[in-house]
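Per-chain residue numbering starts at 1, and chain names A, B, C and D are given in the order in which the chains are listed.
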């Protein structure tokens, strides 16, 4: 997998952002900058809700639309969004039935006033909770688990003293990986799943507190990272400052490995680990393994090391560093293709590769290339990429994948193509190699994988089938 | 009041439409034609939901947007709305905070599947029902009582055998004036409030059944009126035909008088009474009263009888008929002004009169005019109209109002300007006459009013303060 | 013909507006109001150009778009159009290939600076002039004769001392009926064709001069009519005031009869004749003729006189006045249909009648109706109208047409359906009567027609084939 | 300069595309793909014109709008653009007064039929030609020299036997750098300026001929490069094949150096030279010069070599290759920023750098970095970039610029900021170095520059003031 081919993607990801600034400041532009920095996590819809904590109670203003952050927001509508507290959201782009109904923030009125909610992740038991809600007579307007979560918080709020207790109460029922920010007209509450599957960080910009999916979004506003929200922690930000409720915190952690491999920006730091470093180390591990297992002249038979843009690039730098071979860009990437109307047929997928990634002939001609990508899903994309390189004169293309084969479904938010579409699930590594036309193929070993994020405990269920919860 | 001046309007009205056709037919275009015919009842938003009763359960498709019917619907989106059962809605235009959130149909999923609801009217006790819903943990996304009603039906559905029983069950709790059409993927259910405050008619087009706010909408599709839905009746249309549940029907009726005076189209027939006839008779009653009470030469001192377009025109014809004086159009009405951006300031209201209604100088010059309008709200509009007529050479302008003075708030869906804005509530008829610059002024007497709609029992609470319910 | 049925229309008409206000005033809102008042003359596109006569030379700002005046202009873009001199245009709506290319004002730069031009009418010899321009190497971006006219003025300007002389120079070459307003950054120039075929009036609002297609547009701004621009006159408005060049004025006049019959607003006064009066007199003439030629009991056999909305209404009042029979509205007109997507097939044309004009049953039931329309083109519309009336219970429908049969093509701007589509050209009056299902049919006699506009010499070429020029 | 900062850009560039396919094929999608591949040359507007060479003469269809290729074109409008011959255009984005008036293709009718024209470049003597056209009475609707060129071709056509001769005839009068494709309904004609300042290539896809600004656009369609259009050559493609008119070809060439430095895609080959290679060689030259002129331990004092994305990257690879030091990516680039509403103030320019380019801390922390960019314009961007790197922990930042200082205005299409905005024109290299906060600064020497594009004669007027023509 690489981030070029939107129709080959395996994930369902979003970006969340929240900010609490002193009364009188206006946060809509900071949220806007933060969402621009999180745009890679979702291009389908974007939205912002704000409130003035000193204003009349319950006065939450929301703008949300289908489209990119830069398309949804204008100088005019940002000007109308006035308040010192707010949340924002970007939603992933699906190829099929997406709609404004699913856009976030979810803003609503309930017994205690109003709230707005943004959510990244997957509530594994959402269907059961939804069923219970339906038996209580609850209607649902979308198919999203975020809506289910919002109703559950409201439902808890009826019997809780405060919105933060309602959030904690709801959290007790949830299974899955999630990062949620809830805004009442006076408070900002963040909650992260107990395993820490989804990322959520806390930062500061002057006297304002910021919450975001990635540290890069905090920096985009000119702020700086304080720390990660702890797995299981509920953070409440009010006029009085920050309160932390760690009742749900637990020993066992299982951070999603795909944040490091693919989802997050390389300049983000998640759970203390730089995404760049994790990718670089994955590349290094692949190279070390090759030096151990390949014939002695393997390094000599490689002319250059390259990555598939964008998420394979850093691992390629790491690989090159260990192998002592030059790292080179072998593609020109056309960044204007993403939003065209190309349809998800196999032929169009091939065209998309053709349009998006053009090999640099001078670089590849006559060369033996070690090419790194972060994953292989269907194989179609990689097969086309290799064809393009060979057509441009490459003598050999050796493929290394900076993650283990993807074999098991994910229940925590990463969207799984049906198993029969996963090339690795039906074919041996040798077969895949032949099928994509590579001269050799190797994946990251699961044991090497562990070093990628240092001592951080990762969820590797999609590789080894060992799920953090049943 | 007259329908020209949108900022002088006193009502909150909508149009509803529903159709159940045999499997295989496509109803979206019929709904489109029906909504075009109901456009006068609401210009803010328009929407259609359809379902295929032979298709997979729960597959309701909806299109709704802000704007006129002709703006919201295109050949393309009507083509995508495929099904043999459907509902449609047009919503009134407010000057202030309108939004897509309030647009109908309300379509949602719940424990027994899905449904779409359209609603015209006002649930008087919506706040109390909403409060109860909130205590049960229900969230609300809009400020509309339609949403409250939808949740109540769903809530009933949990403990009912069928959707029609849930509708009847919900009806038991409702107070107010309403006409509702609910569509499940297989059934169409209509319900009208027990007093018959809001209109709802049943028609037929070939083998299809139609429900609509006015008979004109049935005719627009090429169909014909069968009868009115009875006050308190719940009608269920399925593949097997029509079922009528009259458990809520009661002796006492109180049809809204404003449907005849102002809301409805003159070519519609509501509760057996032609709207045209009602208006004509109101004009006749005004003339008869003048013949009794005015000096003997009154008729001689009138050169022509005219109405304020559009809702004063028919009454003027009736008046002219009794008085034996020529009826004439004295204005050219510019029908392109309505949707311009003119702001609701007093000056712009005057400009709007100036732009919308231009006196025909040849007709009015040197003439003594008897001018009929359906109501006076603030007085600004009538004052401007008289000024325009006099500027164009009218010698005298005698104003007659085809309804009694509007003095009491309406709780059944007619939007009341705050009492101090109602010119009649603070001023005697003589003062109003001087203030608007008329040469004489008279209102329809409440006792004449009774004859307007024949033997039909009307709700006249806004005139006499006698409310059908407490 | 009546103005309901856009697909049955025979004309190609536009509205023009110009204003010259003292330095410091801002005219865009006056132009906006003026165009709203001229909207009936064209619904396809709208545009405004303004300039500040005290600003840097050549700085003309233009906004033009497809759509209604209220759709094209917003508070925002009117605010950006700043200047004390300006022109505006509304363009007729065609069913076929319309485009932004044809929208006006035409604004351009040329050897002496810049200009903006608005035009209503038809240059008969545009093709020959265009041919000459093409031989000089001129390119054309649209198919409009307005563009040809603009180039001709520019071409004249090269060898003229002033823009007004260039306009006069160009006028010498033009044949046809036209009303043109040209704005240079400092001057406003109006020109009207020597026969006075197209209307153009001059007015005043405070210290500002106004030019417009109809007097109603001057009144819409709060201004008042001064006089008509004379046929053949070129008027130049500068800081110094008004100059009139009457070199092209001639004895012979031929004002377009259709302005009175159909195009213009009834509250407008054109060439000294009230449009309302002209229509009223046409109705009177029809009635007088009937009284002479019909059996003695004819009047007794008519219950009521009615018009087809909107352009048949005034004539019906005139007819009723002579006959001594009551005038009545027999239709409810739905004014929301016009801009729907209905296609110009015969069936859709019938649907459009069905949707747009609903008979008022109480009024027509059992009645013998004398129905007046302004013209019959294809006959489809009238045939449907009569069917609707009969279906609603009318006993007899006698049709009178307030213009003579349309038999000859118009070369001065009125769009001619090909002759075989004109029902009158292939059928005798009796045949047409049978075909449309009327109980009797009569047209306005050409000799009566002459009295319609008093002593005013009208162009009646489309009725009698006598063209003012060869 | 680098391509991040749109407000720091110095160029005015466009992309042109043309295709002639056998009758029956439909070329609109190929043009669409070609324009997507040229999008980097212009993001302001996009347009396509097509014609069917077997269809009725003169039937050119055009769609053009403001916006990106993927925004302007939809499945629907591409479907409507049917024909086997066509041209397309993308236009650069300016910050100020851009408008649809300037969008291309320019499509028009003239004496011999119709034509559509697309143009990249600058006609130096456009003002004089425009003046002549104005004296002939020609109006102009835009400020573009492309419009002037179009009129000149039409003007020639009047006295020429064929459209291709008219193009050649016009070419005789033109001075400047240009690449033009003209489409008549039957022919496709390409012309390139005699110095070859602007690029234009010829390719083939099956039986279709393609013309484009860059070879990458030909490859995007699946076609392949044949050769460059020769400087001064006029190529005519008809049903019979290709004809070449080389009457204007001359000895002296002067290809624009900026195509290699910045404008073109690295995977394009222009005038036989790979853009990638040229950039790589520029980096090599910078490194060689450093090895000669810097202290012996210079290389040891550099930890890594990096480029400013995107146009500085390849040169950095070349530099690293010579220096024997690792090449590394030091930035994460956010590709979603470009089209946001950020305003061209100095502060917003700094914010844009902050948002768009985030340093990768792990990579830069503690490092001595050799950083390559393609140019320095105002210095603001580079100054911010260095600040960001230092803030992220970089110990030293040595800046190398892969082009000589930009000192002289360009008359051939490269937009020059006024001289006082060019930091290099007022400051010595040492001053600039201090001002941007670099630890050292060097530019590419003009003599090294010559080797960049092999033996190809480049126009270096902006560096040395020696213009190819007076």
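Here is the rule we go by: a contact is a pair of C-beta atoms (placed from the backbone, for glycine too) under 8 Å apart; a residue touches a chain by one contact, two chains touch by 3 or more.
Since this is a predicted model, take the numbers as computed values, not measurements.
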Lowest number of touching-chain links that must be crossed from chain A to chain C: 2
Gap in Å, rounded to a whole number, between the CA centres of chain D and chain B: 62
Inter-centroid spacing, chain D versus chain A (mean Cα positions, whole Å): 35
Distance between chain centroids, defined by C-alpha means - chain C, chain D (Å): 51
Touch-based graph of the chains, sorted into line, ring, star, complete or other: ring
Full enumeration of touching chain pairs: A-B, A-D, B-C, C-D
List of chain A residues in touch with chain B within their complex: 107-111, 134-141, 150-151, 154-155, 157-158
Partner chain D, residues of chain A touching it in the complex: 33, 36-37, 39-40, 68-71, 73-75, 216, 219-220, 222, 265-267, 274, 276-277, 280, 313-314, 317, 321, 326-329, 332, 334-337, 339-341, 351, 354-355, 358-363
